[in-house]
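Please go over the structures that come below.
Next, two complexes with chain A in common: one pairs it with chain B, the other with chain C.
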Partner chain A sequence: MSTPDPAASEDIESEEAQRERSLQERLKVDRAARWPVGIFIASSIGWLVFGSLIALIASIKLHDPEFVADNAWLTFGRVRTVHLNAVAYGWLSTVAIGIGLWVLSRLCRVPIEDHRSLALAAILWNVGNGVGIWGIFRGDSTGVEWLEYPTYAAPFLLVSFTFVILTAVNLIRKRKPGHIYISQWYIMAAFFWFPALYFTAHGLLILAPVQAPAQPPINWWFAHNALGLWFTPVGLGTIYYLVPKIIGRPIHSYYLSIIGFWSLAFFYAWNGMHHLIGGPYPAFLITASVVASVMMFLPVITVAINHQLTMFGHFKALIYSPTLRFVIFGAMSYILVSFQGSLMAIRSINNLTHFTHYTVAHSHLGAYAFASMVFFGGIYYIMPRILEREWPSRWLIRLHFWPCAIGIIIYFVMLSWGGILQGIAMNRGEMPFMEIIKTTMPYLKWRSIGGTLMTIGHIAFMASFIWMVIDRRKQGSEPTLFAKRTTQDTPATNASDS
Partner chain B sequence: MKGRFRFIFIGFMLTFLAAWIGLVVLPVWGLGNFKQTPDPKTGEMIPPEFTALEERGRDVYIANGCIYCHTQQVHSARNRTDIVRGWGKRRTVARDYMNHGVAQLGSMRTGPDLSNIGVRNPSETWQLLHLYDPQITSPGSIMPPFRYLFTEQPIGSDGTSADAINLSGENAPREGMEIVPTEKAKALVAYLQALKLSEYEIPEAAAARIDSKIIDSEIK
Partner chain C sequence: MKNRPGSEKGEDLDVREVHGQLLREKSEPREMFHAAPSWLKHGIYAPLTIWALIYLLSASGGFKWNEYYEGFRSTVKMAEMEKLNSEENGSSPESPATPMSLRDEGKTVYQNVCSACHQPNGKGLPGAFPPLAGVDWVAGDERRLALIVLHGLMGPITVNGETWNSVMPPQGANLTDREIAAALSYVRSEWGNNAPEVLPETVGKMRAEFKDHAPWTNEALTASDL
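Right, the complex of A and B next:
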């Protein structure tokens, strides 16, 4: 990152001139990002709210099976699937593209030029998601977990992502000379990994399906790495960019960040087979993933040390900075979810948690408490800069943060607990199946409560976003913070002072 | 690290490629070419292929997302209770799935495993009633009702149709009407009846049985 090196500072004047120049540069970059990045972010929020409402239906159905039961489109097996795809591809992937491109553009110090192709990409991406979801609703699901979009949705996504990659490559190629910051590594890698994963899996599982016994390994390799090599690196790249920006201090250790990147690249890609522990597969195949999964302690610990030491002594900033609060919530969840994931891949623990709601809780800790929270933080940071306008109300931001934070904690704690009880019950052979269902019932209801809170937060977020976009009055005003800034070493989070 | 992006790019694509070979190419090569074998007793080729009707049933299974609550994989008795629960006589092995088209192994057990539901409960009457409303056969179930796979029709002049399902009490159809399964419901039940994964004496069956202590003692 381009934090000026104090030792290299020349006389005061030229430093000021330098600052002015980089400010102008950033303004240009942000203005150029307004439309392309803005469209991706705006549509991702639409999918988020849609995905949450659908999730609520699915959650209620699990403790009240008669709830909207007579409509084929709304049967559990479809709404649950629509929810997964809407949030994985509609929300997380869309926002990852938006934020990823913006961070790249900032760090390469090159304004995004391909406005037309990116607008087309955004449209195609949303059409692809819309068509895919419509397909699942009407019963055209492919039956492959995480890849349920029917074949006719894939071409839209393929073409769209091609444009996205072209833009990213363009930014990298035209980048201003200098250091390549770790966020650029993560985001570029993710932009290549994701399509490689998606089209390998889509090709071998759906277009020209391999024989059924070979499908689940590919399926779980894809599903696990959609998290590991797509949301995770974009999320980490975002954290690595935003945290130093907000607290005004460079990342603690450059070398740790490099070790973190390569160990993630090396080990994460081998994950996935642990979803098949105990299944009809040769042990060595599964062991490969178990080992890789446990080795994930390495990148996670390096990232954890690095983030926490960067933050050390600056936790006060959490009091006033909305961005930081979301991002740090996400960063801490990342540590938690990764440790948990490594443990869950160990056979004896997996034996308890596999096939239960514990796994569902775990994936929400990853996709929501980590990835979504980080991306929320990213949106709070980016929007004022590309719109040159502030967030309209700190109350709406609070109404976003607290219900979501409390909601996901309820969701995670209760469902994990219910999942453990479910696992214990399932592993007691004499326990009748109906008893297992009864055991989980209270926790399934708690899930609906947590989910309702999260949905309330998302609606507040959408309201806040729409208000910001249509109301021009907050042009260039003071940043919207939770409280007055207390420390001096923290640059503002408002548009004119990035 | 000045401007050495190409270097980084090659690096992260190579790490990806390594895993791609290990977890995609190898499984396709090692697990994607099973052939049927003759049954040692009858000489029939096993595991059998689905009939056209059963295959349509599988599509109904997929379209309605049964996989999100039901697995189709029996685990060994060494660390799970699948065998004790009667979900199969032996654990399933890769070859068992060779004719499945789209593998439906699943990852969630909100409901019981269905690998061998065709053996455990082959009754068409039960399956149809259960699909129509699980509360009839299994009170307290959280499986959704699939009433939309049935239609209501007036009872014909020659009495109730042969395939009308037998509903009473609060589920009873209106006066002069009957509830019959659609083609989809029938196909789905045919598919469920065909799920007998642990039954076939494929070459791996004996070894798979050894994993299952209970069955071990039965064999002796």
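Right, the complex of A and C next:
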């Protein structure tokens, strides 16, 4: 294989002219993205804060069942479900669309063409989410996990996402010639995978339900892929874009990138059945899923090596760059959560962890410590560019990072430990069920503490965001960093960045 | 196609003055073309793939739809064995091939049907479900016990001096006489209980005698003249 040189076609341009052209392109991309991407990101932060407050209610109810128990809208069955949907569709999906489209637009070097329609689609997307959440609150949940939005919310989401896909396809079709960067692979694929998953599952489980025994495999195929083929690829695409952008160094290996992408695509789609270990399903169905889950070691180790070799020698940048700190926290969590997930799919380990809080801790490690943290980093990078002003206060960014980071660590460690104790006790079958619940109590309280910390971080984040949008004064070109850069860590041609 | 800088001078100025974020940005990301390290290929990819193939072939029950995973035992073969046994049992009830006693069979029934309320350890749940371990109701008249399982029980009862007031749903329609007898035999010989086995015929007799009876109450049981 000859090595394609992305710069070959541009040799005729002088370096100075190239930089100038790149600046112009990025300026157009950012200005076209201002409204649509801005609306997606702004609304996602609203959903994040709402979802965290609701989560706190659900968490407190688990150790204090009488907490706001007189209101039907705030019973556990509804708040827990509202939390899941508000953060999965309101926060993660919304921010994934916003960041995904921006990164795609940057890398294709094409501005979003019909940004007015896309801005309308962003509003429609939020209407769909609002209707869905309201539907769950009033008791119209479909009862299918991860697909609880009542059917009347689906048309809004369908129309809105159609616009999103059309935009993405348009960007890819009109991309400037040259190398296709790995983030483009991930994000483009995700924009096809997610609607395919959502509407297949919605059709087969809600509109025209298949026979009952066939429903759980479809349900878990969808729910697990929503994480693996939607949040994960957009998250990885974002990491792949931001890390080289901030430390000013190319990704270590194109080959590792591409092995990572295709092995993720190949193995992840099989993973969902590991949720049904011990269930009444043919051995081969479960075994295939266990194998695919363990094989996820392959893409994860590959991506991890690629990231580490890229970062190697540049970890100092974590001291000052807010974006990089969030993104690297997310990238490290990705490695951890994936290793853990592969091990949890092994039958003998699953035997212990299944139906315990351990699984809940695991899912938050994925959805929060990985996906959410990466998207926080993405927002810190994107907003100054599309708004053309700086983040107002480094203290607010600190107040976002530390409570969130400490909160999720408390959450994960405590709930995992409680889950293991719970699993051991349930497998032994000597202790009455009520006693087992009592042993998990302290860990459930720790969860509420971790959740409170994260919520504090989110409120600081929202305050910081609103301040930035309202206050037009901070238009200087000095980035808001955690600390002053002491040394230039690369012989950079242009200055280091937030 | 290409945006030559000279053509849009006005916007250039714009960039310099307003958009400092863009100016300080590093160049767009690229990828280098280092080959995948060989330890990754031989030390990670290869062993993972080999393990995957071995496990896939050994734990998939020949890819049959009706093979369920039970610690590598073939569920199809187990079902065939069971069928064979029951056929043999028809001609000679004392067949040594009979693998399970009534009590062992009852353990499965108990775990599937009864243990959700009465708990695997037979201690019940305080305030909700009465215990079965060391209880006079269990060790007492087997016919009364069979009737409770067949038709259910409601209203206040006294178990070991404590009063309970909850509902036990009828199981007569879900379980055969043999299954009920098995579960009762298990309950009567487990957790320190030591009462004789209950025969399927006894359950059958009760089922026939009190056909489609409503759920029992303490008074009705006392009045039934057993």
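Going forward, the second predicted complex is superposed on the first by the 472 of 498 C-alpha atoms of A that agree within 3 Å, B and C clash if a C-alpha of one lies under 4 Å from a C-alpha of the other, contacts with A are read in each partner's own complex, and residues count from 1 in each chain.
Please note the rule applied: a contact is a pair of C-beta atoms (placed from the backbone, for glycine too) under 8 Å apart; a residue touches a chain by one contact, two chains touch by 3 or more.
Note that the structure is a prediction, hence the values are computed from the model and not measured.
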item: Partner chain(s) touched by A:257 [first = chain B, second = chain C, both, neither]; value: second
item: Partner chain(s) touched by A:63 [first = chain B, second = chain C, both, neither]; value: first
item: Touching partner for A:384 - first (chain B), second (chain C), both, neither; value: second
item: Chain B versus chain C as contact partner of A:280, first or second or both or neither; value: both
item: First, second, both or neither for A:244, with chain B first and chain C second; value: second
item: Touching partner for A:272 - first (chain B), second (chain C), both, neither; value: first
item: Touched partner set for A:144, first chain B, second chain C, both or neither; value: first
item: First (chain B), second (chain C), both or neither touched by A:288; value: both
item: First (chain B), second (chain C), both or neither touched by A:71; value: first
item: Footprint overlap on chain A, where chain B in one structure and chain C in the other make contact; value: 179, 280-282, 288, 347, 429-430, 433-434
item: Contacting residues of chain B [partner chain A, same complex]; value: 1-5, 8-9, 11-13, 15-16, 18-20, 22-24, 26-28, 30-34, 61-69, 71, 73, 75-76, 79-81, 84-85, 91-105, 107-112, 134, 138, 140-148
item: Chain A residues within the chain C interface of the complex; value: 3, 6, 17, 19-27, 30, 106-107, 179, 181-183, 240-241, 243-248, 250-257, 259, 280-284, 286-288, 290-291, 294-295, 297-298, 301-302, 305, 309, 347, 384-385, 388, 390, 429-430, 432-434, 475-479, 492-498
item: Touch list for chain A against partner chain B, complex; value: 61-63, 65-66, 69-72, 75-78, 80-81, 139-145, 172, 175, 177-180, 185, 188-189, 192-193, 196, 200, 204, 209-219, 221, 229, 262, 265-266, 269-270, 272-273, 275-276, 278-282, 285, 288-289, 347, 351, 354-356, 359-360, 426-430, 433-434, 437-438, 441, 444
item: Chain C - residues contacting chain A, complex; value: 2-5, 8, 11-12, 14-15, 18-37, 40, 44-45, 48-49, 51-52, 55-56, 59-61, 63-69, 119-121, 123, 125-126
